[in-house]
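A, B, C and D are the chain letters, set down in written order, and residue numbers restart from 1 in every chain.
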Amino acid sequence: MGKTLIEKIIARNLHDENVKAGDIVTVDVDRVMIHDIFIPFVADKFKEMGFKKIWDTDKVVLIYDHLVPASQTDDTRHFRAGDAFAEEFGPIHVHRSDGICHQLMPELGYVKPGDVVFGTDSHTVTYGCVGAFSTGIGYTEMAGILGTGKLWIRVPQTIRVNINGKLPENVSAKDIILTVIGDLRADGATYQSLEFAGDTVDALSVAGRMTISNMTVEAGAKCGLFVPDDKTAAYCGLGGTLPEELAQLRPDEDAVYSRVMEYRAEDFVPVMACPSQVDSIRPVAELAPEEISVDQVFLGSCTNGRLEDLRSAASVLKDRHIAPFVKMIVTPASRSIYEAAAKEGILDILSEAGAMITHPSCGLCCGRAGGILTDDEVVVATNNRNFLGRMGTSKVRIYLASPLTAAVCALEGKITVPAAYKE
Amino acid sequence: MGMTIAEKIVALAAGVPEAKAGDIHTVELDYLMSNDGTTHLTVDMYNSLKHPRIADKNKLVWIVDHNVPCDSPKTAASQKKMRDFAKLNGITFYEGEGVCHQVMAEKYVCPGQLIFGADSHTCTYGALGAFGTGVGCTDYLYGMVTGKSWVLVPETLRFVLTGELSHGVTARDLILTIIGKIGANGANYKAMEFTGPAMKTLSMSDRLSICNLCVEAGAKTALMEVDEITLEYLAQHGGRTPKACFTSDPDAVFAAEYEINLSEVVPVTAKPHFVDNIAPVSECADVAIDEAFLGSCNNGRLEDLRLAAEIIRGRKVAPKVRFLVVPASREVYNAALKEGLLNVFMEAGAIVMNPNCSVCWGSCQGVIGEGEVLVSTGTRNFKGRAGDKNSFVYLASAATVTASAIAGKITQAF
Amino acid sequence: MGKVYKFHNDVDTDQIIASQYLLYPTVEEMKAHTFESLDADFAANIKPGDFVVAAENFGCGSSREQAPAVLKALGVKAVLAKSFARIFYRNAINIGLPAIVCKDIYDHVEQGDEIELSMTEGTVTAGGQVYTCTKLPAHLQSILDQGGLIASLNEL
Amino acid sequence: MEQFSGKIWVLGDDIDTDIIMPTEYLALKTIDDMRPYAFSPLRPELAGRICPGDIIVAGKNFGCGSSREQAPEVIKALGIRCVIASSYARIFFRNAINNGLLLIENSEIQKAVKEGDEIEVHVGEYILHDGVKYPVSSLPQNLLDILDAGGLVKAMQRLNGIV
């Protein structure tokens, strides 16, 4: 019987061709990611479990991003705890202010197609963009992996999402995944793997695929996968064409899916996730007549803080200025994105349009700093969650949107369809 | 009898021919600047007045700079109160444009003006020949409602600057040295006036840095004469014209006069926890640091960033040190971006932030934890100023801070 | 009579009320953090009518009016110091918190001593001894007499 | 099989981890420090009113959102005996088992109960409410193994020979 992509990845990991959905198996871990909020807990559990050494220090990446820059005096305790752990059990890879973990893991080559990766963060699913199986776990399990290099998993069933055709100009990867989540609902893919395919998907950049993989967890998915191709190989530093060994990482024609969803790219429209559920999706065109005024716009996060996202916003903000009394906060996802955007003149455009450009970090998305709001304020944000109270009080209304839509909302000071700014 | 610059500005603002130290005058204010540190309280008090009114909204400039971007729901509520009031009453309002004093210098302050700011470092404006002084929000409210306030005319301490700063020594070292000499209350209630042949060697950036820190000696205001450097700065920043250009009369009376030879100044640091606790940087070498901060209304200008970039170009921040680089305003940020300076810092591993008060203010954006050490170009090193109450702040120049960030310990740059 | 809470030279406004509390919506919400870094129990222990006694340059630093405001909100009757930083002094008078220059009292009282202040006489009594304070300048006295600056605004 | 009874608190669908434990408090030193803020965005009073032995009854997708293990830990720290929901988000589910917090899946009982009711739980068999039995299934063996060991930390300690 044919295999899905996740079955292929796990079979490769186990060197066992008989793996199928539903099996409970123990995988060898290729890489783990721990971030600053949880490192003290991981360190404590690791010691409590009685481990004396890390199974393979080169496979451990520690990233400070949620608490950078520190906004509360106790935050730096996490950096010290991480540094101490690295010193005692390292050498491990440590990034102290280089950007958001999920951006850095693929960008810096820590994740390759076919890898099995776990992280102490739910958006670890992001690495599916390069055809890796990656998912979020708690800090207790992470401590266990650090000692053993292994984790049990249940091989998930797969929902296949086929998208074919040409996307409208004002639609981006963000609109695709929001629409899919709206159709699946917040628990529609629980325990399942989402597998994206079709010529629209093939045409997406790795950055666009990252946006999609990143948000699959919002439908409950265990992972969100793309078949690695030449673009993936180039992104991962594996040369211009995908190495033969990795070319096997594609689903079989006769693979068995729990569900198949079909989309025509031409049918997508700019959408928003409305307060306060990620699956509460509405077309922007339907919201616009409600004249919803916007207090703040946030462009950033591991969902949409990449160069092409900044470019997209800059395309409408060039030689324009955001609306009076509206704040626009731009938080590039990594140090190299910041540098590239500076070189390309994108930061100039955004700053001259009135945006504040912060250091690369999780920023507002993790709700501890970076633009916290208060009662009755409205924020249009490009990140992945609009949960109640995520960005301030429970009365803050959070709308999730694409970078293009967000930029247009900043210009107009109200929820606006990006179509109006198309050439 | 002759008058000092301070006396002349007060006389002009009071509409009287003469003012002398010790007099109390009612003055007409030229600008009233307020920031998010206290404006929410001003708004509450305003709303509690029997007959609330604004004398002249064009004199008000409100700037959100302390917690930007906002870090907590309570702060957001306070800032929203300020923003909503500004919107409702047509008050000039900036958010995220930069540290208030830098924004005021770039866009508003003119020689001869008398300006109240609801922030102690309002004395910065002396660099442009204006009498700027910090007030609380009640005084601010009085000025906002009436357009006026009362001023006790200050005595003046005069600093005659000669010689020239050596390579690697900055205006920051000079003013720290002066504060160390006269003490944290050495100029309490007084004006500090700077003059002398060395003035022509000091850029507007240097001058702003010097005047900014005078409040750390207790000064009510700081003042400098208007010269070509001042006029050029005004021309480049909106083509502003002076209200009046004053110098102190030859027979003006000064409370004290000091001659400072700039060539004798060495790189110094203000050790914890007082700004007048001054020592040469060389004495503090080997103090290990956790964080370094380049920014603030004192040292976040383009010249400071250039100096720092020159030192750090091609080098790296020490692995565990957090080096915060925070341009003082959007104008500075944009210029530094265009010159490629921000990427120099990024490539070195620094944390480059949007213009804001940052850790100088110590409530968000890079606060330090228990037992940690910060070397900072900020304005104050009071106990707990930068975060945890049991932490340590050393104040120093942009050069010293940058060299320290690279070395991981307090280090003299040149 | 009120108890003495004694502080040193150069007590700055960050010690009186730290930056991280200044943007709390009201002074009532801030006051529990008064003098937090120097005496964590100050806000809990101080009773209305008690005194803050300090040495030179009390209230140096920032212009934050929250500094005198939290002291007033906690019921501090007056601050007696050898000298004050100017902005703090002005702010205190403006909100009706007596800030009184008294050169001698600091060296003759200890934490917890009971003292009595007579504003009209310009004296402080401690341990049976009477100490003279510096009178307020007439202009400031008139602001205090009107009940602070806000009250005077309401008269306009 | 183990059985117990308790008073219930009723919550809705999609109770996310930001509701269970907001990010603002995640960096507090201990779970006890975080406890008062549990569920605060939705029901700020709840943490103060939950008593040891109480039971949470919720709708679908309980624990969706982030991987923060503070979410199950804080529920356990509040003294919640078990959570009954029509379904769980997967990371939360794993984290709960690893911390020894009992989760039961049932999608019928929500319609019948109201907050404050007493219910009786027969683990792996059924829940009894108002005379009606709601059947519940048992956990997979590998999870029972972790629960039997007393959570993942204990299981690893056993592996390392320190218990």
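Descriptive notes on the structure:
Simple rule for what comes next: a contact is a pair of C-beta atoms (placed from the backbone, for glycine too) under 8 Å apart; a residue touches a chain by one contact, two chains touch by 3 or more.
Predicted model, so just to flag it, every value in this text is computed and none were measured.
Separating the CA-averaged centres of chain A and chain B is a span of 41 Å. Chain geometry summary: the mean Cα position of chain B and that of chain C are 27 Å apart.
Centre-to-centre spacing of chain B and chain D amounts to 54 Å, using the average Cα coordinate of each chain. Looking at chain C, one finds that residues 20 touch two or more other chains. Chain A has residues 72-75, 77, 368 in contact with two or more other chains. Annotation for chain B: residues 72, 75, 77, 364, 367 touch two or more other chains.
If the chains shown are joined wherever they touch, the resulting network is a simple chain of contacts running from one end to the other without closing. Working note: touching chain pairs come out as A-B, A-D, B-C.
By the touch criterion stated above, chain D contacts chain A in their complex at residues 14, 16, 18-19, 22-24, 26-29, 40-42, 60-61, 64-69, 72, 87-91, 94-95, 98-99, 140, 142, 151-153, 156-157, 159-162. For chain A in complex with chain D, the residues that touch the partner chain are 24, 37-38, 41, 45, 48-51, 66-67, 72, 74-75, 77-78, 119-122, 124, 135-141, 143-144, 147-148, 152, 186-187, 190-191, 218, 220, 222, 277, 366-368, 385, 387-390, 394. On the chain B side of its complex with chain C, the touching residues are 24, 36-38, 40-41, 44-45, 48-51, 66-67, 72, 74-75, 77-79, 81, 117-120, 122, 134-139, 141-142, 145-146, 150, 152, 184-185, 188-189, 218, 220, 274, 361-364, 367, 380, 382-385, 389.
If you check the complex, the residues on chain A that touch chain B are 68-77, 79-80, 83, 96-97, 324-325, 327, 329, 335, 338-339, 342-343, 347-348, 351-352, 354, 356-359, 363-364, 368-375, 377, 392-393.
Interface of chain B with chain A (complex): residues 68-73, 75-77, 80, 83, 86-87, 93, 95-96, 290, 319-320, 322, 324, 330, 333-334, 337-338, 340, 342-343, 346-347, 349, 351-355, 358, 364-370, 372, 387-388, 391.
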